[in-house]
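Next come two complexes built around subunit A: one with subunit B, the other with subunit C.
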Partner chain A sequence: MIIDIIQILALGISLGGVYALMGSGLSLVFGVMRIVNLAHPAMIMGGAYVAYWAFRLAGADPIAMLPVAVLILAATGLVLYKLVFEREAQSARYSEMTVLLTFALAMVVEGLLGAMFTNTQRITSPEYATDAYFVGDVFVPKGQLFAAVTSVAIISALALFLKYSRFGNAIRATTQNREAAQLLGVNVNHVCLVSFAIGVGLAGAAGALVSFVFSFFPSKHWEWIVILMSLVVLGGMGSVLGTVLAAFILATASVFVGFYFGATWSTLTFFVALFVVLLVRPQGIFGEKPELA
Partner chain B sequence: MKTSKAIVVTIAATLAATASTAEIKIGASLPLTGSFSIAGSKHEQGYELCVDLINQRGGILGEQVKLIISDNRSDPATAINQFERFINVDQVDAVFGTFSSRLSFPVANILEKNGYVHPLPAGGALRIYTQGHERVFYFQPNAAEYVGATLQGVIEDLVPADNRPTTAAVVAADDFFANAIEAGLLGTKVTDPGDGSLVEDMAPGFLVDTGIEIVYSEKWPEEGFNDWINLANSIKRSGAELIVALTASAEETVQITRALQTVRAEPKMVYYSQGTQSEFYEGTGDASESVMTHTSWHPEVPFSGVLAGEEFTNQDFVDAFKAKFEEMPDEDSAIPFAVCQGIEQSILGAGSTDNGEMAAWLKARTNDDPVRTILGRFSWDSRGLAIDKPFLMAQWNGGELQFIYPTDEFPGVAMMSYPKQGF
Partner chain C sequence: MMSFLDAQDIITARRTYNEGLTQQVDSRRAAWFPLVLLATLLALPALQFVGNYNYVIHLILYTACYVVMAAGWNILGGFAGYVSLGHNVFFAIGGYFAGMILARYGISTIAMAPLAGLVAGIAGYLIGLITLRVRGPSFIISSLALVMIFRILFENWHFIGGAAGVALPANELSVKWTKLPYYYAFIIMAAFALWVTYRIRHSKFGLGLRAISKDEIKAESAGIDTRFYKVLAFAISAFFVGMAGAVWGEYLTYIRPNIFLVILVSVNMVLMCIIGGKGTIAGPVVGAVLIIAFNEVFVATLGASEINVLATGLVMMLTLIFFPLGVVGTLAKHNRLPRILNWD
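Then we have the complex of A and B:
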């Protein structure tokens, strides 16, 4: 029994680490810009393809390729923001508009990836991807562990940047109160631009890690959006820390459910969490309760 | 006067153009994106190659064939809409079937209602053939429920009695096709989803019939499942000597194989319902060693068919495919190619694209006078299932997919490697 619990925690925490990075960029972008970026998982796919082709053509390790994936996707984020989102920023229905925009963007990205790389499934295969550390009867998959450790390192760096850098303070100020930040001299548009690029860059980083944990193909992102949304909602819309915590909680819960109740039910964990949180505590763990008008 | 002349000239030109561009239109809705996209894209290649070769040889009944392909995104509702569009808007002369039982089952009703011949490249669930449809024709050896008979044959014919697996873990995608194979292996009842009536009782099941005890069985949802390592760990903990993973796509086969490798499972034998694709080997490498999967086609099987009235062998197909796509085909391209051959032969046999006549001609085929394809000879029973065609069992060895069973049908059968030496 104890061994089983330790095994569940080992698998849940390592899987949660992967989900944490996948969801953190989504959360950051929502926190700063109030954009529910439905194209975020499609961007993750972009990062996965960067890692895949580097691995296939040059044998490059996907974790080593992570900075490249971040740079390419962050640059893509800058361009996308300028082309798609900036002009809508003054719209009275900005949030609603961006849901439609990002939905359309997800389809465009999927189409482009399909046209460029075909719709066949891909996965990278560094040696650690299918290996594990065994301690007695308990094991930890190396692939998920390495991905989780890398993920936590990146998120920690992001947290330090947000807390201690001048620009990080500007991002946090914009997250907390956009108008007040603007009155205090924060260039909100510039903050949004950089935040969006960071968010998409995080998607690139997550993609590099995902490339050896899960197989992927252009339309796979539709399966991920529910998982990521449940993390963001449980953590509190816009709270990166909350998303990370939710990732570990829900991943462990899904492994627990799969272990004791069967694989059929493990995926349901995320859907149930989404519904329950929206019903019971819509602001999530760290989100603020919306003020009544 | 001038206006009248212009109208007459325009009508004449239009008629002339119509006459000169007479063509046979064939529609195919395929899952080019979504969870079945690997197989769907390969089906597209098979259909395209076949139509190209037919057109290069002068078309069918002197008319060029125009192939209309739509992407149904692996979604049944979209597949239905697209076939309805083929029928009502494009007014196609014939259709090619789609991939997977999940998509083929609802599509079968639409095509039957509109009187179209429905040639299925994939869609092995028995329930598709027990709806009373008159014009369905399955271009694979048998319904998925009976795939287990081939696995039983492999174990009983190729494995010494004192070294056979005695326990099995059977895990399956909650998918039409995977559920059908599972029903045969585990011996459950197949029922009609419409009225709940019994279609076939598969008891006691092929595994029990082989003397194998089922020690673990589990299902995973058909979409969004990521907990592969947890599932693989449960399989390993069951201690099963035979692992049966009834996957619905090559992607799932890669995932379950990598997870079993990660947890260091050590079964004697592994069988998957999907895994003939090169993508499987690319994603699993040496872990694929000794993995078995059933198949309807193999490049080295000496089948010989007919295309445009001329002999067209399996080797001709492999050569043509490599020339056009610069890669080796697998069964997901070969089976739709055979479907296309069947439709071509039925149009030639009927002398027109009257689907009623085409169906009658297909139904009249016998073992001695069959439809001849690169998958071999086809004639069908009253349900639309092929008569007297065995599945092949293939096995990955040294990065090659070799066919190992049956051993007495063709030359070139490889030795089965057994037991499997880990992943």
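Then we have the complex of A and C:
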């Protein structure tokens, strides 16, 4: 019994590490730009395909390919921001409009990936992906553990960047109060551009890690959207720390549900959690505003 | 006696005041056009006497099905401004309710459609009580989550066939006439849905919904019971989507989660309203005709469903960026709306 619980915790925490990185970019972009980027999971899918083809064609290690995925995706983010989102900043129903826009963007990405790589299930299989460490009777899958450690390292780097660098301060200022930041001389448009690129780059990093943790195919991102949204909503929209915490909580809860009720219901945990949070505490753990409109 | 008369006077004054609030009908509009269109569509199956026009019948039926859904979606998304990406849940509820009754008791889904709509409407009311507590992006996300939850539930509920679904008996008419019951059912439902949206638009209820979409807090402080209005709008829109789903299942002769609970169905509803013009009566019709025609061209020339997803996404992005008001809305803004499309 106690062994079961330790096992669930071990699996949940390593899974949570992966989800944390997947959700953090989404949270950052929402905090700075008030954009709910529904295309974020589709971008993660893009990063996963980068890692997949590098592995398939050159045998490159997915973790080593992570910086490449980040660069490719961040560049995509820059272009998208310039093409699509910059002009929407003046729109009256900005936040609602951008949700629909990113939704359409997600479909475009899904269609592109599907047309190029077909809807076959893919997964990269470096040696560690199918291996595990044993501590007594508890096992920790190596793939998830490596992914979680890498993800925690990246998130810590992000947190340090936001906390101590000058530009990180500008990003946090914009998150807290856009107008005040502008008054103090922060170039808000530039901050938005860079944070969007960072956010999409984080999606690329998450994609490289996801490529050996979950099997993926282009239309799977719909499932991820809701999973990631449940993290972001529970954590409080826009709070990266909240998202990371929520990732660990919900991943552990989903492993728990999967362990006792079967794997089918474990994803349901996230969806139901999303509803319960919206019902009980719409602002999430760290959210301040009671209304998100 | 005197005070009783006073009360009557106040009520009459109140009523005239309320009528003054509802939007005035534009006298220049061509009210005959929708009626002529309806009459033409009702007479159209006569073509079957001279040749085989099954494809035309199918296309119009398909369009009418989406007109019902888009018009229903329009009540919530267009009037009240709550964009739901999860309305195909009600499509599934209606389809499964009527489909299961057809499979078990052999009662035609066309007869059951109003009841199926009602069931979907009640489900919509209950779901609305929860999800309408939040708005803006959070509401959109919760509507997406709804689809995922129902997909998992429907795929794992063995009574309704799980992921494999249930096959429904086809009707016994010959190939030439087999589509007609569904054709008439969808045309009549579409006309009904449009009539209801017209009535709502010109009622105090519709005015309240428009106020909610403009500024909910002000609407609340002006004395509108915003919560009840929103939830009722959600239930009515779910009613229409559920009704469409009921007949759609029998038309396809099987019900399966991956027919009803795919994201493309709900996106189409949203996209039709946006392309046609959110919050207008003619918008869903224009949008449905455009999207279905567009889909047919793409499927005929390029085939693959991935391309279809890509193209739908692209069209949606371009419309949102360049014509956020839609065809009807943009034309009306520039005073170029042809009289025949002015159904408001």
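Everything below uses one rule, namely that the second predicted complex is superposed on the first by the 289 of 293 C-alpha atoms of A that agree within 3 Å, B and C clash if a C-alpha of one lies under 4 Å from a C-alpha of the other, contacts with A are read in each partner's own complex, and residues count from 1 in each chain.
Assume contacts are C-beta pairs under 8 Å (C-beta built on N, C-alpha and C of every residue); 3 or more make two chains touch, one makes a residue touch a chain.
The model shown is predicted, which means the values in this text are computed figures rather than measured ones.
Look at subunit A after the overlay: subunit B and subunit C clash there.
With both structures placed on the common chain, the touch criterion links A:V226 to subunit B and to subunit C.
Counting the residues of subunit A that each partner touches, subunit B and subunit C differ, and the larger count belongs to C. Of the two partner chains, neither subunit B nor subunit C is touched by A:L209. In the superposition on chain A, A:A263 makes contact with subunit B only, not with subunit C. When the two complexes are overlaid on their common chain A, residue A:R87 makes contact with subunit C while staying clear of subunit B. Using the contact criterion defined above for the overlaid structures, shared-chain residue A:F139 touches subunit B, although it does not reach subunit C.
Legend: residue contacts after superposition of the two complexes on their common chain; A:F103 is shown touching subunit C, with no touch to subunit B. Contacts of A:Q7 after superposition: subunit B is touched, whereas subunit C is not reached. Shared-chain residue A:V29: touches no atom of subunit B or subunit C. In the superposition on chain A, A:V272 contacts subunit C only, with no contact to subunit B. Taken together, the two complexes place residues 110, 114, 118-119, 218-219, 223, 226, 264, 267-268 of subunit A in contact with subunit B and also with subunit C. Looking at the complex, you find that subunit C touches subunit A at residues 81, 83, 85, 130-131, 133-138, 140-142, 144-145, 148-149, 152, 156, 216, 263, 267, 270, 274, 304-314, 316-317, 320-321, 324.
Of all residues in subunit B, those touching subunit A in their complex are 32-35, 37-38, 40-41, 73-74, 171, 174, 218-221, 223-227, 229-231, 233-234, 249-251, 254-255, 258, 261-264, 279, 283, 285, 287, 423. Residues of subunit A that touch subunit C in their complex: 36, 38, 84, 87-88, 91, 95-97, 99-101, 103-112, 114-115, 118-119, 218-219, 222-223, 225-226, 229-230, 233, 237, 264-265, 267-268, 271-272, 274-275, 278-279, 282, 291-293. On the subunit A side of its complex with subunit B, the touching residues are 7, 11, 15, 110, 114, 118-123, 125, 129-132, 134, 139, 141-144, 214-215, 217-219, 223, 226-227, 254-255, 258-259, 262-264, 266-268.
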